[in-house]
């Protein structure tokens, strides 16, 4: 875990974004830029991965998907229990927050890839499928945890209008399930992977400059922007309290350890691959899950989950986490 | 006409966009992205084409322009007569719709170029001038058809306030003529072609990575976006009725046949060039013409022409039409 | 000073933008595009420059900064005195306008670099630091000039509520000072330069296609957009009056001469380097300074400074100025 | 002399993730016209940027006949009680084409 | 105590291709101030996205003295009769700088 | 039957470089909710585009209890006297959750 990893341009631009906001610069990126860049990044990584995956071992791919589902379903429950144990948040907030930790952050994943590439460390392509798979299940778990929490709360309060609510919830639940699996990021990522796998090689060749050559520069720009977004949330640190803020650091460590273990021991990946699975376990979604939670658990306070996932866990993973999970992977694989 | 043409990344991304909307994904591209991408595409293709055209035969270029004008003026009239014959739309709607079919769709044209490039089929550069030329005349024909339609309607209704309207229309007409020929797409395309032709080769060399290397990737992203836009309109299919929807498929076939014939027999182009002229004849504008029609024929229902050009003809051409016009061109040229 | 410099694609696209507006085309670029492009350009030039500067002579770098500060502080005063002498604007307008001329235009600077590159003329990297340094001081001078102007005006008017104003101004002034030095463009430029200097070479290598290869194309797109923006202001030419409009041409000439002299004689730069310093002296800010002046000198009329910097000086420099300052540099250095 | 007719305009400020839900609600009550504007803002649930796809607000504007206001407000109130963050306000407006806003559900 | 003065605010929702035409109309009647906001929406002429350059709506807002309302409304009504899709509404507002909106054509 | 309560909505059209200043002012007077919409426009200080980072307008909308209007208007008036270009108007609105807008500074 050399310090030199911090000197990756991508990480440095993230830091620049954070600093820009800390010194109260008036620097503001156009509101649609981050979205455009993330569309590009997902598309590029998807095409690239799909192309590789066309040659992949279907058995390992299948196992990866199973483990992605297991991680996606388990991590939010771990997080939920941890949060409820702190007694610092109500169960609905706990459900909403922990859903974020079962899902993943493509930005963190891509930074990890830049990190590995820079050290010339090989990695398997399967974690990319896991990235796509893990976007959705956590949202579902969040919904289930919230339903449970609501029942608890309602039972406590004497449960007046539970009946009428329930009928409504049925329809909503179905709709949200569909939303979880047709989520925009998932569509781009899986769609691009399929295109990468089935498109004609001659066609793919022509895409190379777009998806490969300028990739790293776009990632830098994206992380620059996200650094500013994260920094705007760092200020809310005080609002969420020390206990919650600590969760934003401990939870990725827990998820990272579990992820690295799954990658190295269950899936038999190399150091690079295990590091990436660690990053999947450690990272928290800040694109797909927040709007889903606004819809599904409106009672939860968005300040909590946005501050944790965007303001604490994201910077922690980009700057400290990735090299750490890499060390862990080295330790386990060796 | 091999199925493999459907496996072009550009076409696959268009399909992905359509599918994303059909499965009701919440995927949404920022509202300005399509515009930015289309500016880039027009600029790149213009520079590229201008560079080639500097070495072109002025006689053929001139003939191409003449034929582009003929196509642009004739096709809307063909469409108008066809539409009026169906008795399913009023004359003003017919005028507005048919104007779209005299004009062209740069997105379809670029997909055709990707298609030909992929099959390593050579093509002349002249169709590019025709693309630029054909943007405008159809708007003018639309205006004339609408004026005629209005007179017919007014005559039927007893013509109350025709006089006052007329004086106003004079000024409007002039203004709209100017608008038709200073249309944004035309300015970018012709401007870039001129720059490509007169700029210093050393300067052009430095532009190569921007205009050539990443071109195909940007086209994919653009078609991804347009696939979603088209799919949003496919749902309006029922509103326009079977007859009109059929027009959205028959008209491009008619235009395609005429275009291929003009390209192959009148202009003596190769298979590639004739295919491109076919695409010009077949495609319907969805960028330049709709706003012009909103202004010029406000009585017409935008749902009709947007659904037809964007929701039916555009997907039809991208997926079915291009290989078809290619086969036609092969048949005629051979 | 060959005419061929006008045939640079970048300059031609600027002209195309101007022409598009003059012929009243409806061409409109999305409102956020210019900002995105300028972020990219600053980032690319910063990374590039930082990488070079890592090998630079610290002494010359230091001298460059000193001279940049001197230029930034002196030029607005020269401009202010000139403007007040014309008796065509009130002192507050004069302060606001002249602040623009002490600062710089990155767009003009990059066009100059494209110009030199095209002629294969070498240039030092130090002017890039000067570009970053010169963004801010002029804003400060503008504030000081405005404060002075306000006192004069207040003294004339009998100075009623100066006291209450002053206490308020103290706080505002501090805040504006901070704003001047944490200005967004400065943060991107200096931040990218530092990243370029400290990032690992292997990481920088991966950024090359993004920051180098597509740079010229992006610059063309940016200047295309800015041409339209400038042209919208050219129309206001009459509103500002002949005297002011003349200032928009004379002031860059004065600044250009001073700049070239500083570059060639004080800093001992080559012809290329001296040309760039000339451009720094000649160019007027239209990104950083206008919003700062709206805040700091609200009494000044934005039409004046926007028309001058964007509608007159910017086109003048891009089309006429750059080759001129190059000739001057040749004359002095030789 | 153009005649003016009184109508109501209902404005809802909300996170853009709720747009589909709100539009659905309008259609359920036979309101087929609405206008949406992108916005940023701040309120009890913290700061909301206008970054599309991340966290953005919208202002939804609907011109309605007085008669439909109550039933829609009740639906909105239910949503607010469930926890949704909706900032709602109603203004009196005058229109020149009342028939446009008074027709019943299509 | 800041005094408040009554004015009218005219709002026009339309497709952005009509922006130039509307601004021209304002200037013709001596109104030189206006504000435009990008929007999306749905109405009798179908759904309109907010994709710039494709199909976008705008909301045009103009603060006017009462005296100018009628003549502009007449012009708008003529346009609507010609077929233009304009959703128009007027609100009563209070302003603190009436002179800003009452001056005659420049 | 959902009850409606009267509040005021303060609207400020300004250049976006003044956004921070305006938000500061609101907070100073205990107003913690506001909504901002990007705009373009024209007025006495010329045409303003909606180009982010160059020259853009904003419309700031704040729902306020009547009691807070005057003190904020005074602050705005001072700014206008200093030269700031602020186009301000107030509308009467009805809301369904008055407690949201009446609470005092946090």
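In order of appearance the chains are A, B, C, D, E and F, and numbering begins at 1 in each one.
Keep this in mind: a residue touches a chain if its C-beta (ideal position, glycine included) is under 8 Å from a C-beta of that chain, and two chains touch if they have at least 3 such contacts.
Here the structure is a predicted model, which is why all the values come from computation and not from measurement.
Identification of common neighbours of subunit A and subunit D yields B, F. In summary, the chains found to touch both subunit B and subunit F are A, C, D, E.
Averaging C-alpha coordinates per chain and comparing to subunit F, the farthest chain turns out to be B. Of the two chain pairs examined here, A-B and A-F, it is A-B that is joined by more C-beta pairs in contact.
Chain centres were defined as the mean of their Cα atoms; on that basis the chain farthest from subunit E turns out to be A.
Here the spacing of subunit B and subunit C, counted between their Cα centres, is 41 Å.
As a whole-number value, the distance joining the C-alpha centres of subunit C and subunit E reads 37 Å. Per-chain CA centroids place subunit B at a distance of 33 Å from subunit E. Within subunit D, the positions touching two or more other chains are listed as 37-38, 40, 50, 52-53, 91-92.
Looking at subunit C, one finds that residues 26, 28, 30-32, 35, 184, 209, 213-214, 291 touch two or more other chains. By the definition of touch given earlier, these chain pairs are in contact: A-B, A-C, A-D, A-F, B-C, B-D, B-E, C-E, C-F, D-E, D-F, E-F.
Listed in rising order, the residues of subunit C touching subunit A in the complex are 32, 35-36, 39-40, 43, 47, 178-179, 182-184, 186-188, 191-192, 195, 198-200, 202-204, 206-207, 209-211, 213-214, 291.
For subunit E in complex with subunit B, the touching residues are 15-18, 21, 40, 45-47, 49-56, 79, 82-85.
Taken together, the subunit B residues at the contact with subunit D in this complex read 26, 28, 30-31. Considering their complex, residues 13, 37-44, 50, 57, 59, 70, 73-74, 76-77, 80, 87-92 of subunit F touch subunit E. If you check the complex, the residues on subunit A that touch subunit C are 4, 7-10, 12-13, 16, 19-20, 23-33, 114, 117-118, 209, 213-214, 216-218, 220-221, 224.
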